[in-house]
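Okay, so chain A shows up in both of these, paired with chain B first and chain C after.
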Partner chain A sequence: MDKLGDGLRELVTGPDRWLNLGLLAGGFMVLALLTLAARALLRIPLKYTLRSLRARWVSSLMTLFGAALVVWASVLAFGLAAGLDHTLQVSSDPLDLLALRKGATAETSSIIEESLARQIATLPGIATNQRGQPLCSPELVVVVNKPRRTGGGHANVLVRGVTPVARELRPNFRLIAGRLPRTGLREAMTSPSMAGRFYGCRLGESLEVWGSQFRIVGLFTCGESAAESEVWTDLKVLGQTSKRPNLLSSVQLRAASPSAMAVLKDRLVNDEQFALKAVTEAEYFAEQAVAGLAIKIVGRIISFFLTIGACFAVANTMFGAVASRAREIGTLRALGFSRSNILAAFLIESLVLAMLGGLLGCLATLPLNGLSTGTANWQTFSEITFAFRFGPKVLLQGAALSVLMGLIGGMLPALRAVLMNTVEALREV
Partner chain B sequence: MHSLPAQPVVQLRHVSKEYYRDKLRIPVLADTSLDIPAGEFVAVMGPSGSGKSTLLNLCAGLDRPTTGTIVVAGQDLGELSESQLTRWRSEHLGFIFQLYNLMPVLTAFENVELPLLLTNLSRRERARHVETALRIVGLEDRMHHYPRQLSGGQEQRVAIARAIVTDPVLLLADEPTGNLDAVAAVEVLDLLAQLNAEFGKTIVMVTHDPRAARRAHRILHLEKGRFEEADIEAIERGRSSGGDGERRRSPRAPSAEIAG
Partner chain C sequence: MKFLPYLLKNVARHKLRNLFTMLSIGVSLFLVTLLYAYLDFQEELGKQSADYRRLVVTHVEGLTALMPLAVVDRIRALPGVKAAMPLSWFGGLYQDDKLPFAQFATDPMQCMDVWTEYRLPPEQLLAWQQDRTGCVVGNVIAEKRGWKLGDRIVLKGTIYDCNLELTVRGIYTGPDSGDPEMLWFHYSYFDELLKARRARAAGRIGTVFVKVADEANLADVARRIDERFASSDTPLRAMTEQAFVQSFTEMVGNVQAFIQNTALAVVFALVCVAANAMAMSLRERVREVAVLKAIGFQRRTILGLVLGEAMLIALAGGIIGVGSVKLLTTFVDPSVAGIPGLTRFYVPWNSAFTGLLLAVGVGLASGVIPAVRAANLSVVDGLRRVV
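Here is the complex of A and B:
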């Protein structure tokens, strides 16, 4: 139920709210139309509609495949965007704060003295864990270039040096295989998707970082967040190995309360002792989301134009259907079927066509579900791993798209059928 | 089946109808008045463009007169809105077309059932009506055949079953034998005569075929938008001597050879 609530909240407040609300409004329109159509369905039987589609099966089938292809491609694009969104999503507490060097846009370009981190930890207003330790995590990131297991080539992998408190700042952290790396040893852990994508990342394998071999001793998940695109090891060991002893990339901390967070942020930024950049995780990932934005925009543009094309295909088929059945339409009118009966029958015909296509398109995306891929994070130039996510939302978008196609593509031909002069239609051979 | 109302089933009063094509006024019917009493079988003849089909369309409320009033089954059609007319049509009229106009994707049963889908009858009641109608036209054994599996004559009989399934007062037939061979034409005309005689259906039939027209009680001859006294003999003489040659579409219509 929580997930449903979250999903609904995201639907109306998330970055896609206009698209979602549009789809929702479209959905309601469709529902209203379907109700109207259902009344008419009792008049002109559905079997007439379905058998008419079958009678013109070549053009019906071609249109159906066209619609399927469009929905498939669009659902793929939506799924890609949703997957990336999900990965970059804030998975941690809204009270979390990320401290970077002033002017740094990413952890990779940020350097903070370790001594500064110790001072930060003593600041008032930082939340503490059950043992009374401040939730303040000094972290060091190092980028290494590693060969991919699939698709060839190399990509950048982010190696993060952490202390145990880092896990407490990531509530979704779960060790799912092996064990945690021991402090002071060249041991590391990473995510299953990284294990599948890069050489040296499987459990028991060794990953070379700056000339040293780090043995992978554990696999973790982290709510499918960006952490799952990283390799985690001990902070001290990584500092020595990468020849950055006593240096950090960032300090993550959690404020005890929203007011404490404001004070902390102000102190970190404006106190000359620190003079850091302090951003919430949401702000940080908003900067990182450029890559996602590109995928989204391109995806939207492609699916927009594809949809227009598919509307024309549906319209073309339906115009053909209307033209070749003019006499049938005239006969139905003469028998006493009303204009709305006729409108509904033809709209339903195009809806059935587009929705069957949509169903096929959605089904065709299922084998790709969960398939992970990567994209360059344009800020850190390390690769972010993310999976296609065909959640209910994405599938709903695909379904809505096909309904829209059927309605828009079918509306003009159906209107033409409705506005046909009965006397003239009866004369058609 | 219907008690005969005192009023004529079809009543035209000073009806005229004109069309405009490219700003050109085309008069079709001129100040026409006509009474068709209940239970009458009327044939309407006349050359192409004389207004036969227009007359039929006006009686059906598919078209509206330019002037004049049309009362069918006691209802002034001019008083009804478009959607009321549509509903009225489904309740009072049966249509028979030259080209049968069956839905090719529906079986004989489903075609006959179509007009009943506009009523509130249950599925069981509808089936009973459809079976009765198909029995009357002698096609109860072809119920589940599609139109393409039937002969022309059988198709027209299914269309007649569809026209009578709602038990309408008035049957309008537009060249019902125009597309049939001689044998099938006779069968269809026999059926219409039977519907008229046994079930008291008022029938208005437009036809080019004098032998078909002869089956009617009365023949109306339309000439340039006006009714004229029909002289069936003269028409037949004209036809046998090369005649008006005005049949609209009759790819296999040897209707002139129907044995009289």
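Here is the complex of A and C:
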């Protein structure tokens, strides 16, 4: 129930609140507009359709629940994939470059000598901050295996050793609790979602890294990016404790201009002195997007099969509706309603049924919005923490599924209703 | 049993409706069985590895922290250890194409004593041991890539800054639970390349695989290894191979909860769908049920008849779904789906049975309300009712 409360609060106070609420309002408006259009187009009043659904309310409700659950499960899977994508998306400056060892696909498999990083910092074309220091951040990542607070088991946590300039390269960095770790001390900071997911990551707790205790003194957010899956500490201290003195994993830097960036990139890659791999953050994360692949495929498989299953269910209900209303349909025909009118009426009926179910299913996922979870990023061999995201795109996908169910499921029964022989239909008991 | 023909007739009466219900159940159970099979598959892999009496030793800080090669000899010298070999993940690219096959640097002198479930012809083993740049590949990956003895394979390093130029000296076969898509090569060759580049990883390894002697206790040996290195420069952690496999599943995250929740939602939706169809069928047969009661059928029998019909439909759906998933995973290589790490995926029999059981359960649950209604039907009302 706490989650439900948090989710609802997130829905109305979270960063996506206007989108979420707007989408809901928009959905209702579209539905209302469709209704109006249908009224103008259809000679059989919508009231008839809705009353027909009500007349068989048990059956309608069962189908509605079935459709709702299917949409719920599918949207859940989509939301998971969307959340992971969002985390791996780049929020950094397009002028940022990441230098790695040549051939390395991730920071965790990259090693750069610290002396080389000092030379990189002196290269021309690197942007500077107000104090005139180059925006060039030497960083060291170390992976440690830590027990999860929820869900059990262990996962690999990425610990990043940084210097103060690292924060300036991440424009979305915000310290939200505590203070920054002091240079030269075994102090660290992490994100609130990590604090909730791993032992030793809460404010005031201590995290053991290679036999040393690092006290968590601050919590930060970083625009929901991958940095929120990490623990940050002082570069020198981490190098000593993890027995990697004078070694780095990567160097992040910001170029002063696009042309300077091209020159820098060329220099880092082709100069014998460096011979590194230099990629933009967008390129780096594109390589890691594989992490989300499995979840995406599973999500698509789930929604594909469930939607087919739900189509059959909707078809069953509508066949039942057609069969039990044979005489009614005959009467309508005898009264002079055309075949297309009847077809439209039955299709609308199944659409309304499926879409109501879809709406219910979408609404039922919203309490889970923002709930954080994690999965393995095999590229960095560490866990990436991300949150379910039911943004407009995901909800629209859910709505599209329900429309599909209604249309496909309703088509055959509607055709049967239309093709009925009027005289025989009237004679039916 | 004598009512079976009657049940079948009833099911056949509404061919389209019952077919749709069956397909709805079939398609959904296809999915649920597939999801559950994934969990069972992981578990079976772990269980099977328990039979081989092996321990996996890593640095206490996990797989990414390397340890010196010398620990292998020290571990081998411990009582209760039959054989021990280094095993380092290379993770290279073949022809610049990311292939989902594992490449390991290891010790060809110990390899077959540790991985006893794999078979390699003795002359091939000898050829591999004698060729420093030789490698051994699994029969499945060899077939997929068309590799034969004597072929050259070049692997481009991603984790390590070196490329391997290997020659196929042997092709191994293994049991169903084994990985037939591995490539093994000499650690000494790999180390030489690392040393030439003065790489940090030179002389260091990721894991040690230990075969425990038959008479020794696995847990005892693991504790002995832990204690031997606890206060050294490189503290180690020994775990059973089962626990090692489990740690990878854990890393993927809380998949289990996700699968179980999805399955629960699907099953609940199915009960709704099937109950709805059953209720529709019975509504049309009110008069018939009344006649059955009038001619002396007991309420119990009517209850049983309706439940039986519901279960029959659901079971048929279950057979369609579970059967097709089993057939599909038997004949289609699951790696075509593009999900990494599923090259050996199959549907274990116990997940197939769980799927069928689930189908019967759905049938039973969906039949309850219509059955009770039918059983409690008043004969007079039923006969009078005009549908």
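Following the convention adopted for this analysis, the second predicted complex is superposed on the first by the 386 of 429 C-alpha atoms of A that agree within 3 Å, B and C clash if a C-alpha of one lies under 4 Å from a C-alpha of the other, contacts with A are read in each partner's own complex, and residues count from 1 in each chain.
By definition in this document, a contact is a pair of C-beta atoms (placed from the backbone, for glycine too) under 8 Å apart; a residue touches a chain by one contact, two chains touch by 3 or more.
Remember, predicted model here, so these are calculated numbers, not experimental data.
Q: In the overlaid three-chain picture, which partner chain does A:51 touch, first (chain B) or second (chain C), both, or neither?
A: first
Q: First (chain B), second (chain C), both or neither: which does A:276 touch?
A: It touches nothing on chain B or chain C.
Q: Kindly classify A:117 by the partners it touches after superposition: chain B alone (first), chain C alone (second), both, or neither?
A: It touches nothing on chain B or chain C.
Q: Taking the superposition on A as described, I'd like to know which of chain B and chain C A:109 touches: first, second, both or neither.
A: A:109: touches chain C, not chain B.
Q: With both complexes overlaid on chain A, does A:334 touch chain B (first), chain C (second), both or neither?
A: first
Q: Could you say whether A:62 touches chain B, chain C, both of them, or neither, answering first, second, both or neither?
A: Second partner only, chain C.
Q: More residues of chain A are touched by which partner: chain B or chain C?
A: Ranking chain B and chain C by residues of chain A touched puts C first.
Q: Name the contact category of A:322: first (chain B only), second (chain C only), both, or neither.
A: Neither partner.
Q: After the superposition on A, what does A:153 contact: first (chain B), second (chain C), both or neither?
A: second
Q: For chain A, which residues belong to both interfaces, chain B and chain C?
A: 429
Q: Touching residues of chain B toward chain A in the complex: what are they?
A: 57, 60, 62-63, 82-83, 86-87, 89-91, 93, 95, 97, 99, 101, 103-106, 110, 114-115, 117-118, 162, 249
Q: Which positions of chain C touch chain A when the two form their complex?
A: 16-17, 20-21, 23-25, 27-28, 30-31, 34-35, 61-65, 91, 156-161, 199-200, 235, 246-254, 257-258, 261-262, 265-266, 268-270, 272-273, 275-277, 279-280, 284, 337-341, 386-387
Q: Residues of chain A touching chain C in their complex?
A: The touching residues are 58-59, 62-63, 65-66, 69-70, 72-73, 76-77, 80, 101-105, 108-109, 111, 142-145, 148, 150-156, 210-211, 242, 247, 290, 293-294, 297-298, 301-302, 305-306, 308-310, 312-313, 315-317, 319-320, 323, 373-376, 378, 381, 383, 429.
Q: In their complex, what parts of chain A are in touch with chain B?
A: 42-45, 47-48, 51-52, 54-55, 327-328, 330-339, 422-423, 426, 429
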